[in-house]
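Two complexes are shown next, each including chain A; its partner changes from chain B in the first to chain C in the second.
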Partner chain A sequence: MPDQLLFAMEVTLNGLMAGVLYALVALGFVLIFKASGIFNYAQGVMALFAAATLVGIMDGQVPFSHLINAIFGTDLHHFGWHVPALLAILLTVVVMIVLAWLVQRLVMRHLVNQEPIILFMATIGLAYFLEGLSDLMWGSEIKTLDVGLPQGINETIDQITFDAFGYGFFIDNLDIVATIIAGVLVIALMAFNQYTREGRALRAVADDHQAALSVGISLNFVWVLVWSLAGFVALVAGVMWGAKSGVQFSLSLIALKALPVLMLGGFTSIPGAIVGGLIIGVGEKLFEFLLGPALGGATENWFAYVLALVFLVFRPQGLFGEKIIERV
Partner chain B sequence: MSHCVVGGGASGGRIWNEKKGRARVKDTADSYVTADGRTIGGVVMEMKNITLRFGGVVAIQDISFDIREGEIRAIIGPNGAGKSSMLNVISGFYTPSEGEVWYKGTRRPQMKPYEVARQGIARTFQNIALFEGMSVLDNVMCGRLTHMKPSILSQMLWKGKAEHEEVANREMAERVIDFLEIQHIRKTPVARLPYGLKKRVELARALAAEPTILLLDEPMAGMNVEEKEDMSRFILDVNDEFGTTIALIEHDMGVVMDLSDRVVVMDYGKKIGDGPPDEVRNNQDVIDAYLGVAHD
Partner chain C sequence: MIYREAGDFSSTYVQDSQTFPIKFDRYRYYLVLAVAFLVVPFVINDYWANAILLPFLIYAIAAIGLNILTGYCGQVSLGTGGFMAVGAYACYKLMTAFPDVNIFFHVILSGLITAGVGVLFGLPSLRIKGFYLAVATLAAQFFLVWLFNRVPWFYNYSASGQISAPERTLFGVEVTGPNTEAWATYLFCLVFLTGSAIIARNLTRGTLGRTWMAIRDMDIAAEIIGVNPLRAKLTAFAISSFFVGISGALFFAVYLGAVEVGEAFGIQKSFLVLFMVIIGGLGSIFGSFAGAAFLVLLPVVLKVVGADMFGWPTDIVAHLQLLIVGGLIITFLILEPHGLAQLWRVAKEKLRLWPFPH
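Our next item is the complex of A and B:
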């Protein structure tokens, strides 16, 4: 097999794996947007907050220690214990659910029936608040996250491909695990949405609030549920990204990766988010591989947006959206 | 615009004559039997001195009436009389400014619409509120939500039991679909259906909840004569076969006369009549309201 083709295959594989993660982040947006029409600007910061909370809990950090020390003149920083990764993840899930409940209770509940732009502004406020809260609770320094995910290049794949093609594929172990987890989560979310009572309620609320009320669905419950799910998705994305490049502010920028995915897949379609994520993941890696050198590199920074824009011109409703027909 | 006709339209009179049987034949304190063999029980819902204001507008003014178990209770009146508002008060979509709602013998505290639905009160809307993006079957299944247990975990872990429950709910939904003769469109997305069928799907969804009381806001509005006859038959059948208590709003007086056991008449937010159809039909206030006689 020619070398170029093998390179391209390796790049495509890497692209697919990145794509699954993009899809996961995009799903966080879709869940909330479908059920409440809110574009949650804070989705990326939620990932940062979740990852920081996870690190803090695992390391036995005292939350708000700077604040406490400043007020009481104490010198607290750690409880002196370490929490096992699995337990810490469970505790972080609880924190994200409490956060979801608080967001609904203190903010969104009071903004029901407001214009979408107002709801959007509220989530911008929420993003800055969460960012500050994260710093205040756990400190703003860069943290390393180690939940025991495997690191390094997968040697088996390297070996097998080398034996088969005379060229070993370099695939990160972490990427493989991330892909599997993200894939399982995406499938679980779809199954939840399609087959459980709560999933049905979620779809009902996404479709028509009045009708949903009339069949006995509590809108508040569904909204807390979608914020919790989005928080959970943010946690998973935060763990994957954090394990790769540390828990720091730039983590919240993964949300920017989800935007083109949403433009491609549509804001309300779960399959759209998945397929959109894969297209963008593969597209940007292949594009960089094929044309990156000619264009001076770093095309991954903008390629996704250009692709999404081109797409938007031809299919404004997204991949799976219903055709938008203006009624006059 | 008022499209009401006092004394029954062409379609109405015919069925009405067959249905003379809906008069009482045996009356006791707590229940009576109609000539067509249905038993009307005691009071299941009672509205006591309900007043509803929107800013300066008084949509409902000090109205009291009751609904008895197993009966078909109609609410009629000219446009803007406050009929939908009354239905919205019963279903919890509006909170009355004054007055009390009594349900099954106890006073109902202020409730959200979803809580009312969970108490066994299902409804349809004047302007159809369906899940447009779902199929007919999915819409009807949503009507079963109050019968599904909150079971994220059980549905994921104990698949067997959850499947059993799912099957039972599915069976009920299919029964309702058969009953209302919409099998041929079970898989069709609701958005593609014509208006008349949408109204029927909405009824199916409400019925799937196996409600104690079924509230119908103008179930026949915008339908042609044939569709109206179908819908009338369905409403009578639901009442007969499931014994469901029904409160409905309807403009077509002929239909009202055919269907209902008792009628509340509203005008400008006030109650101007209450009783069996033939009695109400001869009530001078009611005739005046419908003929647009000036109010003093």
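Our next item is the complex of A and C:
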């Protein structure tokens, strides 16, 4: 086989795996959007916050230590203990649930019945707030996150492809693990949505708030639930990306990566988020591979958006979105 | 308030269609103009110009532009930073290609070029609405920033990839370059802001503004009563981008002097201007000023209070600032989703009845 084709195949594989991660972030958006009509811009910052909290708990950092030191002149840094990864993840989940409850209680409850754009702005405000909070609590330096996920080139795939084509594909172990975890999570979420009592309540609220209220579903509970779920998805996404490139501000930009995925797949569709993620993951990697050098590189920044934009002109509701019907 | 509407009766059409029908408002407007043009230039110093007044003037122009698109026409845009970059780079290319032409015309021309680009990226708005459109404008933001970063023609093949404004004069006084004086740059920007505000105010009162508002309130109904959505949306994109382009040109040429596109016109800038419009008040020219003033002053005040008074390290102040800005935005949206302009209206309404409310 010609080299170019082999490279393209390798790029496609990597793109598929990146796509699963995009899909994972996009899922967080879809969950909240379906249940409450809120487009949660803060999803990316939630991932950053979750990852930073996880690192902070694992290392036994004192929260707000910089601020406390600045005000009281003390010299606090660490508690001096190390929490095992699994326990730390559980604690972080608790933190994210508390956060979901607070967001629901202090912000979203007061904004019920506002226009969608106002709600969107509120989540941008929330994103700023969380970013500031995360920096104040755990410091803004780049942190390494190590929860024991395997890293480095996968020897088996390298070997197999080398035997088959005479060229070993470079595929990171972390990407494979991330893909598996993301896949499992997606399936679990879909099953939760489809087969549990809470999932049914969630779908009912997504369908019609008032009808759901009238049959005795607690809107507050459902909203806290979706924000917690989104927080959990953010944590998983944060761990994956954090393990890959360190916990830092750029982690919050994955939200921006997920937006075109959503547009492509439709804001209201879980399968849409997955297919959209895969299309964008493969598309942007292949585009960069084929045309990137000719155009000056770094096309990944905008390719997804332009693809989604062109796509939307022909199909405004996205691939799997509900058809937009306007009644007068 | 120290005035009542009673007693101000219009007897001619000219009187009836004035921008400020109440005498008190009109005189206050003249007073503000007089102070801004005749008093401030004499007392201004470099710190005030660079830290507060220039950013305020320039952001106010951008906020007026975005307010036309988002507040009046209802099309949410997250591409403001990208359009400001178009203005800045257009201005740079014009300044270096035609050094003999006056800088004033370059700024206007860059506004026009930005308007063209704005129309191009506004085309999808005819098919897609709401969030989808907001996200689609992000395409403009990322694509434009990438374009100016990667295509060397735009930055004249300079080694650093930066663009820096050459020295240009207006009536023999330098307004761009390193040797400018505070009052000159201030007046230069003020002229543009005053012009933009007057144009925007009058546009929004006229036919065009009404068609925008009709589209914003309900596009289908507007179409049925004969508003052409194509024309309304594209004019909104064009005029909005025109102002945003002017502000981008001024931001680069007069305020910063040298610009690296990703840093100066990144997505953060789009959000900043959007926040100004929202905190100030959607669909209000006064709101654009109020929002710009608020968000320009806030970091300065925080810095003065946090770093200078309490002596906290600057990184903590920066983080606190994020926290406070985010918190304030949420609080604002909860308490008064229509922004500072609405607060002002409510206060006026209350004072009008004072001391005898119903």
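The definition used in the following text is that the second predicted complex is superposed on the first by the 324 of 328 C-alpha atoms of A that agree within 3 Å, B and C clash if a C-alpha of one lies under 4 Å from a C-alpha of the other, contacts with A are read in each partner's own complex, and residues count from 1 in each chain.
The definition used in the following text is that a contact is a pair of C-beta atoms (placed from the backbone, for glycine too) under 8 Å apart; a residue touches a chain by one contact, two chains touch by 3 or more.
What you see is a predicted model; the values in this text were computed from it and never measured.
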| item | value |
| --- | --- |
| Touching partner for A:Val306 - first (chain B), second (chain C), both, neither | second |
| When both partners are placed on the shared chain, which of chain B and chain C touches more of chain A | C |
| Touching partner for A:Gly73 - first (chain B), second (chain C), both, neither | neither |
| Contacts of A:Glu131 with chain B and chain C, given as first, second, both or neither | second |
| Partner chain(s) touched by A:Ala201 [first = chain B, second = chain C, both, neither] | first |
| Residue ranges of chain A in contact with chain B within the complex | 192, 195-198, 200-201, 203-204, 206-208, 210-219 |
| Sites on chain A touched by chain C in the complex | 39, 66-67, 70-71, 107, 110-111, 114-118, 120-122, 124-133, 135-136, 140, 256, 259-260, 262-263, 267, 295-299, 301-302, 305-306, 308-309, 312-313, 316, 318, 326, 328 |
| Complex contact set, residues of chain C against chain A | 76, 124, 127-132, 134-136, 138-139, 142-143, 145-146, 149-151, 220-221, 267, 271, 274-275, 278, 312-313, 315-316, 319-330, 333-334, 337 |
| Touch list for chain B against partner chain A, complex | 91, 93, 112-114, 117-118, 122-123, 125, 129-134, 141-143, 145-146, 148-152, 155-156, 205-206, 209 |
